[in-house]
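Okay, so chain A shows up in both of these, paired with chain B first and chain C after.
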Partner chain A sequence: MNINKWEIGPIFRALMRNKVGAVLIAIQIAVTMTIIVNSIFIIIERSKLMQRESGIDDANSFYITNTGFGDEFDSKATTIADLELIRNTPGVIDAVQINAIPNSGSGWSMSFQTEPGENKEDQGAAIYMVDEHATKALDIEVIAGEDFTPSDVRWRENGTRDWPDTVLITKVLAESLFPDTPWQEAVGKTMYISQTEPMIIKGIVDKIQAPWVGWSDLEHSVLTPEITQFSSTRYFIRTQAGERDRLMPEIEEALASANKQRIIRGLRSVEETRERSYRGDAAMIKILSTTMVILTIVTALGIVGLASFSVNRRKKQIGTRRALGASQSAIVRYFMLENFLISSVGVIIGAVLTIGLNMVLVNVFSLPSLDWYFVPAGMLVLWLVGQIAVFGPAKKAANIPPALATRTV
Partner chain B sequence: MFSYYLRLALKSIRRNPILSALMITAIGLGIGASMTTITVNYLMSANPIPHKSDQLFYVQLDSWSPFEPANEPNEPPDQMTWTDATNLMKAKKAFRQTAMASSGGVVEPQGQDEKPYMASIRLAFADFFPMFDAPFLYGSSWQSSADDNRDYVVVISKSTNDRVFGGKNSVGETIRIVGKNFRVIGVLNDWLLVPRFYDVTTGAFGETEEIFMPFYMKQELEMTNSGNTNCWKSPEGEGFQAFLQSECVNFQMWVELRNDDEKAQYMDFMNNYVNEQKALGRFPRPLNNRLSNVMEWMENQEVVADDAQIMMWVSFMFLLVCLLNTIGLLLSKFSGKAAEIGLRRAVGASKSDLFIQHTVETAVIGVAGGILGLGLAFVGLEGIKTLYGEFVQNLVGLDMTMVASAILLALISSILAGVYPTWRACNIEPASQLKSQ
Partner chain C sequence: MLTMHNVKKIFRTDLVETHALRDFNLQVDEGDFVAVTGPSGSGKTTFLNIAGLLETFEGGTYELDGKNVSNLSDKQRSQLRNEKIGFIFQSFNLIPDLDLFDNVDVPLRYRGFNSAERKKRIENSLELVGLANRMKHLPSQLSGGQQQRVAIARALAGSPRFLLADEPTGNLDTKMALSVMELLKEINDTGTTIVMVTHDQDLAKQAKRNIYVRDGQVSELSEVVSLEHAANA
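What follows is the complex of A and B.
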């Protein structure tokens, strides 16, 4: 194909005669690309975070807090009675008393190490205090070793400082603690809490996330076999599919009327808990998406506006070219190519700005750095936006009758 | 003359309705987005107590582990141990001082129909109220003697007073909290602090507490820990008292120091105190104590969320695109008027006349865009409220300053956007335009 047919030379020279308009479009395209690419990157990162699974049965679980007051409140008797009541409610798969809820934002963490003593390498992990009903209630699986038995479980009083002798840990924690051996071999090994207190790993569970969704070791969790005798305790309840919404108020009511020496509060589904914990990320995604769409429209309209204007101004020349034999497609091609040249400058500047902004985000806000392919993808998108935007005015230009050349405008 | 230019401007805007609408919308969108994010950032970074923020200091003592700092790089813990909090309070070396802790407890209203409920409790000293300008509706703070005597007295919030006492003056009445009877000594008025600077360890934008109780009740009634408890070393021994004597941090402390001398003296006192404690075998780290005034502490605790800042910078870039757009459109518009401008120049209008005329035109567009932008900012803030829920309800109000700055920002940006197109338009040679007609 003969390159001269594309008339790059004349287009370029014509552009040079009206630089300002072209420069404005190029900068708009560059900044738009910068925002869009970085936004998409942030959006993808955030959705990845939100899609991480908690490891428990989110859809069918809820929890409720029980706070005793008054001198006659008996935490131990209340817990036993409550758990029996809940577990015997039709529609409930199982229930467990637990000290913290995965993904809820508050909980208890401790450091664990494989050698006793001060200043040894350690791993932080969330602590879930549960009884032998935990695996069924939380919908987690013991994938190596053994589950808790009723005889493992003890009562923990307020102010108790020591820990049960046997625990279950997550697979990811097993891998972090014993990086040199396969995770299955962690079963039966000893790890140390509070620097020196030994715990034997009785089993390994597949997955249960910690309460803090922003934490880098989100899958480091330890299950300790104990029921707490605190004045405030929490029940985690898993229901059969579709029964959750019916059972939530029912169980709240049943607990409240079973014992007047306490208040029943904080009824919430695990789904809602997750939604609340990730609300900031969800909001950021929505805000950035909206910004991106509006920005693209604004930039496209700007291109349409300036192109229409330049078509209007060149009506006479276009008429003349048509009169001299240029086909309609040659006119369309002229404007498309002109826009392509401008966009090319724009996306090249845009690529530089995109990487620059990402570097700022990495340095100032510790965001991860952009994967390289986002940049060419962004360039391609902006090229397309430009071509689509300019097509309308170009089509209009092509429809200018050759006879116009003979008239004075 | 101005009104004539204004008439001309409106006429010109009406002549190209689509182009004008496009410009106004572009400016409006840019301003709307920027104002929304500026408002959120402005409120997040607001000084909650401007007249004395540089006299209130948050106290940090580095009581952490010998092997690692509490926070990288070498930051002392953001809270204090019970031992240190009570020792510093007993020393009373500052003009005013209060150690604090957050807790919670069940309140049992007297009436039969009101159910017991869980209330948030702040444990503090008498100085807390004058230090942080707590507004009293009835009564007053408790006396300092009540702190040391461990009197069962409380100051309650307006909402607690409404809920438990039906809004009457309840000073002197009895309220049952955590199973004990307390005497109400004061009732606070509505107290909104944005950020709630006196304790940001559990998030900067929480509500002020429902009940305020003398600090030593923590020990007396074994009040539960709220907020964060961090330990580098496990408590020695069992039980609540062992926890209080441990190296776990769960307490905050503020002092009021009126000038630099007092600050220097207090710093000396803190360092001496830590050295004394070192002699007792505590504080294994090198001296690393801090006094941060309110705004320094807000900065240190990164009260302004990263996301809010990112959004603000994105919205500024958005505004930039909108303005570039407007410049382009104005260029088109004014060069379409070349003939008219040439004619006016030919019949005697000076360049500066034309410049003013077109500046008025861009200003009209700017103000219109600003008003639209303000409307969009309201929509944007409502949107943020819906997206983020109750966490941000105190961060999404527009005040007069923000309204005025929105209009001003729109005006300045549109005039700036108009300068180059206007300048180009004014430099049109009258002859060139007249010839071609």
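What follows is the complex of A and C.
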């Protein structure tokens, strides 16, 4: 390879005398790069959020709501009977009555503090009211302290204001509440709900996410040992692998026929619940991806168009160059280099715009700021798109016969 | 220098076959200045294109500088054009977006000369055609005669053995045509072989040798013309 053959100087000077098309394409490249890089960044960030694990057995769990009506309805007896029925159904690993479903979008949250009284520093956390079957049914693990025993569990009636004496909390909540000590040491400590009511931390569980996927303290959760005696309650059921879809209608059917004093409804898998909660993010990813693809195609077509136009306009010049000794590869190289120069201007402007747009997104939508390597990666991609797009027209130019130099006036 | 023996060129389109050259025979010696005349469509440009390796041909043999060039690859032909042949065109064919310096630079780049060498050659050849002071001008800022001089400088910059010109004065008025002709004669005096197609009998007569092409062949008449030329001289 002889660098003397590379016509960078002449190509650049010729471009400067014929700027309009090149400038438009450079701007298009810059804008495309700006949007593509920021879109990819947002997509990656969103995907990361979507991939956070709930901590429970999403794939094999579902839940169902039980709403009693009429004066005859006995919530307590119904719950005991229902749980017994469900837990004894073959294929069910375990089941628990629960007041809210992780990642579902609705639930209870309370504030917790390590010192009693007003205006103390506190941490919000989701409340899950469960019995001693929770760890097995939810597939969570007590990693310090102890799990609930049947004697910890109480009945909670409508209108009950106070809280059980012992609770389980997540590891992340333990770290937030007691930032200065190892999380294991939270076991046995007291925290306060409703500012002054003490609760003893009986154990720490590995992970169970709160119902609200957009919440920054998604892993702040507290398990309280109580079964609710409300007119409307919910059962969370975990099945053996592959049994969920069979058991969902079966259990719905069994519950409905076991007791006619209530309505069984809201049957839904945890997977679907999660999918619904992230639907907005999934849609955003789809829209951004489509925009990116379309923009890239439009830009590539713009490059093809400009190059084809300039090949056609310069046919005689290309014939002349061939007559003066340009090989076909020299002609291809000419157009590739020309595109490279245009793209370079485009991606340099693009780099500035990309960082600029990210800064706006950081300020306005409090997005995280772009990792540095997104910018060079974006430049590289657009350089490549340009080179690929210009290759066809460049090949066409190389096939212009040298005799064109003498045959056209 | 250049020997064509029974060269044939046929242009095929869907409807017709044109025998542009039929059994074309010609020998041009080193240092000669040959003027080619003939009616329109007789095959003069075709001959020049084949001589300059711009087009391939169907039959016969062609030796350039003692080398058979009938079966060269496109790349080899490009390289030979670049090293041995200088082209001058009727409509100058300067590149409008490049100044004179960059225009003359074009074939030197393909040759792979380094920038010092190219600069020296560009300056020398523009000097030779009297335009060294206008290196930064664009072709559009020059008269036709000046543009053709730049084209000649470009053809000469790589020191080719062989200069091919297709009606180099066709777009010029008489005065400018004469000065271009003078320039070509000067170049020929330094040893460069020149073949020039022209419609201008007066200019043709100033060449060392005249040939006449008719119907794709070198006509017998060429001998008559050059004899007349010799007698008049």
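Keep this in mind: the second predicted complex is superposed on the first by the 404 of 409 C-alpha atoms of A that agree within 3 Å, B and C clash if a C-alpha of one lies under 4 Å from a C-alpha of the other, contacts with A are read in each partner's own complex, and residues count from 1 in each chain.
Everything below uses one rule, namely that a contact is a pair of C-beta atoms (placed from the backbone, for glycine too) under 8 Å apart; a residue touches a chain by one contact, two chains touch by 3 or more.
None of these values were measured; they are calculated from a predicted model.
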Winner on chain A touched-residue count between chain B and chain C: chain B
Practice item. Determine, under the contact definition given at the top, whether A:Thr299 touches first (chain B), second (chain C), both, or neither. Key: first
On the A-aligned overlay, A:Ala323 touches which partner chain: chain B = first, chain C = second, or both, or neither? second
Partner chain in contact with A:Ser39 - chain B first, chain C second, else both or neither: first
Note: in the complex, chain A contacts chain B through residues 20-21, 24-25, 27-28, 31-32, 34-35, 38-39, 42, 67, 69-71, 118-119, 158-162, 194-195, 231-232, 263, 265, 276, 279-280, 282-284, 286-288, 291, 294-295, 298-299, 301-302, 305-306, 308-309, 312-313, 361, 364-365
Chain A partner, complex, touching residues on chain C are 45, 48-49, 52, 54-55, 74-75, 78-79, 81-83, 87, 89-91, 93, 95-99, 102, 105-107, 109-115, 118, 138, 154, 158, 166
Per the touch rule above, chain B residues touching chain A in the complex are 19, 22, 26, 29, 33, 66-67, 105-106, 108, 115-118, 178-179, 222, 224, 234-235, 237-240, 242-243, 305-307, 309-311, 314-315, 317-318, 320-322, 324-325, 327-329, 331-332, 335-336, 383-384, 387-389, 391, 420, 424
Chain A residues touching chain C in their complex are 2, 4-7, 9-10, 13-14, 17-18, 316-317, 320-330, 401-403, 405-407, 409
